[in-house]
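Here chain A shows up in two complexes: once beside chain B, once beside chain C.
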Partner chain A sequence: MTDIAAAPSRSRNVGFPAVLAVLGAAGCALPFLVQSPLLLTLMTQATINAVLATGVGFLLRQNGTVSFGHAAFFGLAAYATALLIKFGLPAELAIVLAVVLPTLLALLLGVVIVRITGVAFSMLTLAVAQAFHELFLKWRELANGDDGMAIAFPAKVFGLDIAIFQQPASMFLVCWLALVGVILGLWLLARSRFGTLTLAIRENEERARYIGYRTVLPRAIIYAISAAVCALGGLLFALYNGFVSPGTLHWSLSGEALIMAIIGGPRLIWGPALGGVIFFFIKNAAGDFTDHWPAVIGITLILVTVLLPRGVGGLLVWLGRRAGGGRGE
Partner chain B sequence: MTTSAYAIEGIDMTRRFGGFAALDGVSLAVPHGEIRGLIGPNGAGKSTLMDVLTGRAQTWSGRVLMDGRDISGLGAVERRRAGLARSFQRTNIFPDLTIDEQIRLAAATAERDNSDEVMAELGLADLAHRRAADVSYGDQRRLDLALALVGRPRVLLLDEPAAGLSMQESMVLAGILRDLAGRWGVTVLLVEHDMEVIFSICSRVTVLHLGKILADGTPDEIRRIPEVVTAYLGSSVE
Partner chain C sequence: MLINILNGLVYGGLLYILAVGLVLIFGLRRVVNFAHGSLFMVGGYVAFAVAAVSNFWLALVAAIVVLAVLGVILDRFVFRPLQHEDPIATVLVTFGLLLVLEDVVKTIWGKDFLSLAAPPLLAGTVSIAGETFPVYRLMVIAVAVLVALGLSLWLRFSRIGLYVRASSVDPVTTGMQGVDTDRVSAAVVAIGAGLAGLSGTIAAPLMALSPSMGSFILIDSFIVVVVGGLGSFTGAFIAALVIGQVHNFGIVYIPWAASMIPFLLMVAVLIWRPTGLAGGRA
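For the complex of A and B:
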């Protein structure tokens, strides 16, 4: 299963931040170019998806493990925002805690579950996430169960009008900048000694111990970082929608994030984000024609897995290198 | 500070797999700076002994001392940090990392970073920025050795470092080992089937057979013990 990211091609190119800056700036121009509110809404939702997929993909890339439960951190962040505000905390503090609490939970959980490998790890992540889903589904007094709950944001958050976070044009900018920041942060982390260590552990955990490294905590930290990214996605979702339901915790969302990561290419830090955008637009385009849009996603996944084992991102890198006069490998 | 005449000692080491004793009450002590050969037929318990000494074995009895300090309760990570390094019978590297990345990573846990020196000594400097998966088998074996050597461990346990190498490559490796052990004062326990390597660099040789020590002595003494010749050396050694 983990062969999907068997040999992550680490971005050593220091020009990457420059490319990212250009793409970031180009993305910031989009709300001024796109007039359709519907398209802006889709772009915002796609960017939130991209943040979620980036978190799942980073875990796959650095630890080589497949999580079917990262929607838990996405949903927990959204619920934490709603509940902490409901219980009277200032919205700003609730927003910070919405990312911090799931991250801490992931770190504690990670110290235990990263010791398990392969399918057992994936099943464990699934079980934990579904436990949270059931909790919020059944505990009506806390969070209205299946009906979900509206989030009572104040009129201003961090001194900004809440409308900034709930109108597609401005929220797209917020989400886009968050995504660019996440990708840059993860890229820097992957290039650090800690990033190299986690790749080494992923490649050969036993040998890592025999060169003097404990292996559980670094894996747990990667697990927590990937959860933090998903929690950030959940926070953006909560801010944008002002509403949260148990669906945000469901394993199917975790599965979708994994599919996004594979379509985009988990060997690249930015691949899953690309996959998130592709997934979202395929889903919406196919959804206009048929209720069976998951079949279209499934066919896409099969085609990418068979024809583009490094994902669409890998194809773009290959084309870019060919265009630059390289061998395309 | 040295507190014992021996760099590494294993006392009454036993490891069983069900009813089979892979290691049966073996005691072994290697003085500081010595290159000790450990030979024996397949299944004699050589790799098991290495596993017990380095903390890889999960269930075993006996004691392991390093410089007189009991390290029996320490795991592999703590033993490495205490200065006990090992290489493996099968090439055990990080295929997707560059040679430079993994050697520097290994050096980061040691008191001193001698990455450049190790890469130069083992002829890996020119390959430093290549992925380990992309270099030849011989280079990968030297990388495996480099991962053990970096940081100048006090005790080095090498499990068939010459396996799969040509005779010429083996002798070059033997020369490097002898040279580094002499200059750095590293104590080496060397498991090897290549008798040319063993007899050319080891000052003493211990022979294991069926989980027990069959003989122990200088290479010349070992060559003349009939039981050793019968059990392992055969007629291949003059």
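For the complex of A and C:
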């Protein structure tokens, strides 16, 4: 039934960590090869986007539900960093809490909203994101409304110079390693007993319940984990930009993250990240030629959904299998 | 106080007209049209264009007709081809349409706010409990009541209403009884889209026209539909009344947190009844 988020085959996953390690190492070499600061900036932003997309895609893969509201966790993490530092907490603690707090919020919220499945769930997630967006937009005393707020980072964070996080070459490394780490972590999680249980619940919740599993909590935990990944993306965004505005919470960012996941192929753990990178570079190329960027992504989304439901990642796997006569990556 | 309640009814009425279109489409196609807010917005702009060369009333009719035609096209080329796919596919495609429609409107009419004047016939105010209240707003409430009344009569007494009710309980069995669900669906989506056009037009004199005007009300109408119980007409009616009131109450008394109230209310209702007020099929 679920073509868009169909069950993965297990055999394909052999050797995945090795490939990931190679890609991870190759990515680390990039800042030394790429000289253009503009390109490095783009690569860093693309990687942060890829983290966000990975979170949204993981929810779609494990729970089979589409979230239009994950920018909420991305933006809340960025705002949490800014506000906690403003309230006088040590930057290190603020950074940790910036991921922990949105994750806890997602867990609480998840227990309520994952009981709603299918299309209704998507409608609710849109409402979630919008509520927080409006709150930060309208509550000017807290967060300066539309003007956004600068984040007062100290000179050193975790003993590292803050400049490391704000210069493209070094920040790309940080984001890249974070992305690779997230993908590896989610891959291990998806293979674990818990991962397969959530897939079983996704395929048939009633049956999973009849064989004695609780189904709400595992779904809520997946929701929280996917939110945590997006929060990590938001934290990276906050570190890199040193600034946060309500745009980070807006549902259009959630929509973009979802589109990245769909383009890349959400049935693969690494698909959405690929989609994020593709999306970001198309966006940049299209932005130079056309003002009609929203229509371009709208049409791309429609075409990919209808013609390529497994995304570019699915296409790559298929091509790899054909070329390699069975094994592909 | 009374004025606040009336203003809440105005917003609730607009929400109801929009939400009931979503409910109608969900009943037949089991999908939610994420472009519904854009249809609302397009309705407002069509009315604006027609009103520029004629009058409000002709603009209202034009917006409903144009949107109904758009609805038939939407059903034929989106909902029908995707009816055997995962509903997520339709959600994604209609989300893509939302982006395209907003961009098209932005290209034709620009990003700036436009305004559509209320018809001269309804331009005055009346005095209610010692305060003045625009006649036009009373008309919006009346239209919402008429839509609710008309729809429930239509669903209860017409043949096609019978088919709609049957299909929303079980589309497959209804099809086996010889009802052409595709034809019923085309009519129903046309009505749903036409109602979005109606809602967009009567909302236009109350709010500024902008390409993004659909997204805010779309989200509120989603809350209405989910709180009411997806697929329930009565639930949507009650939820729209309640959300209209709390929305207006929030804007008047706690503007900085106004958006949190419908959201928290929604969470509370879902804790209490996970399938919504009407407890239908979620």
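Everything that follows uses one rule, which is that the second predicted complex is superposed on the first by the 316 of 329 C-alpha atoms of A that agree within 3 Å, B and C clash if a C-alpha of one lies under 4 Å from a C-alpha of the other, contacts with A are read in each partner's own complex, and residues count from 1 in each chain.
Just so it is clear, a contact is a pair of C-beta atoms (placed from the backbone, for glycine too) under 8 Å apart; a residue touches a chain by one contact, two chains touch by 3 or more.
It should be emphasised that the depicted structure is a prediction, and the values quoted were computed from it without experimental measurement.
Student: Looking at A:Leu124, would you say it contacts chain B, chain C, both, or neither? Reply first, second, both or neither.
Tutor: A:Leu124: touches chain C, not chain B.
Student: A:Arg193 in the overlay: touching chain B, chain C, both, or neither? Say first, second, both or neither.
Tutor: After superposition on chain A, A:Arg193 lies in contact with chain B alone.
Student: Just checking: does A:Leu39 make contact with chain B only, chain C only, both, or neither of them? Give me first, second, both or neither.
Tutor: In the superposition, A:Leu39 contacts neither chain B nor chain C.
Student: Quick one: is A:Ile302 in contact with chain B, with chain C, with both, or with neither? Answer first, second, both or neither.
Tutor: Only chain C is touched by A:Ile302; chain B is not.
Student: Looking at the overlay, does A:Leu109 come into contact with chain B only (first), chain C only (second), both, or neither?
Tutor: After superposing on A, A:Leu109 lies in contact with chain C but is clear of chain B.
Student: Taking the superposition as given, does A:Leu184 touch the first partner, chain B, the second, chain C, both, or neither?
Tutor: neither
Student: Which touches a greater number of chain A residues, chain B or chain C?
Tutor: Touching more of chain A: C.
Student: Of the two partner chains, chain B (first) and chain C (second), which one does A:Arg207 touch, if any: first, second, both, or neither?
Tutor: Only chain B; A:Arg207 stays clear of chain C.
Student: Touching chain B in one complex and chain C in the other: list those residues of chain A.
Tutor: none
Student: Can you tell me which positions in chain B touch chain A when the two form their complex?
Tutor: It is residues 54, 75-77, 80-81, 85-86, 88, 92-97, 101-102, 105-106, 108-110, 133, 147-148, 150-151 of chain B that touch chain A.
Student: Within their complex, state which residues of chain C touch chain A.
Tutor: Chain C reaches chain A through residues 26, 31-32, 34, 82, 85-89, 91-93, 95-100, 102-104, 107, 215-216, 218-219, 222-223, 225-226, 230, 255-260, 262-263, 266-267, 270-271, 274, 282.
Student: List the residues on chain A that touch chain C in their complex, please.
Tutor: My answer: residues 1-5, 64, 66, 68, 109, 112-113, 115-120, 122-124, 126-128, 130-131, 133-135, 138-141, 251, 255, 258, 262, 292-295, 297-302, 305-306, 309.
Student: Enumerate the contact residues on chain A facing chain B in the complex.
Tutor: Per the touch definition, chain A meets chain B at residues 7-8, 193, 196-197, 199-200, 203-204, 206-214.
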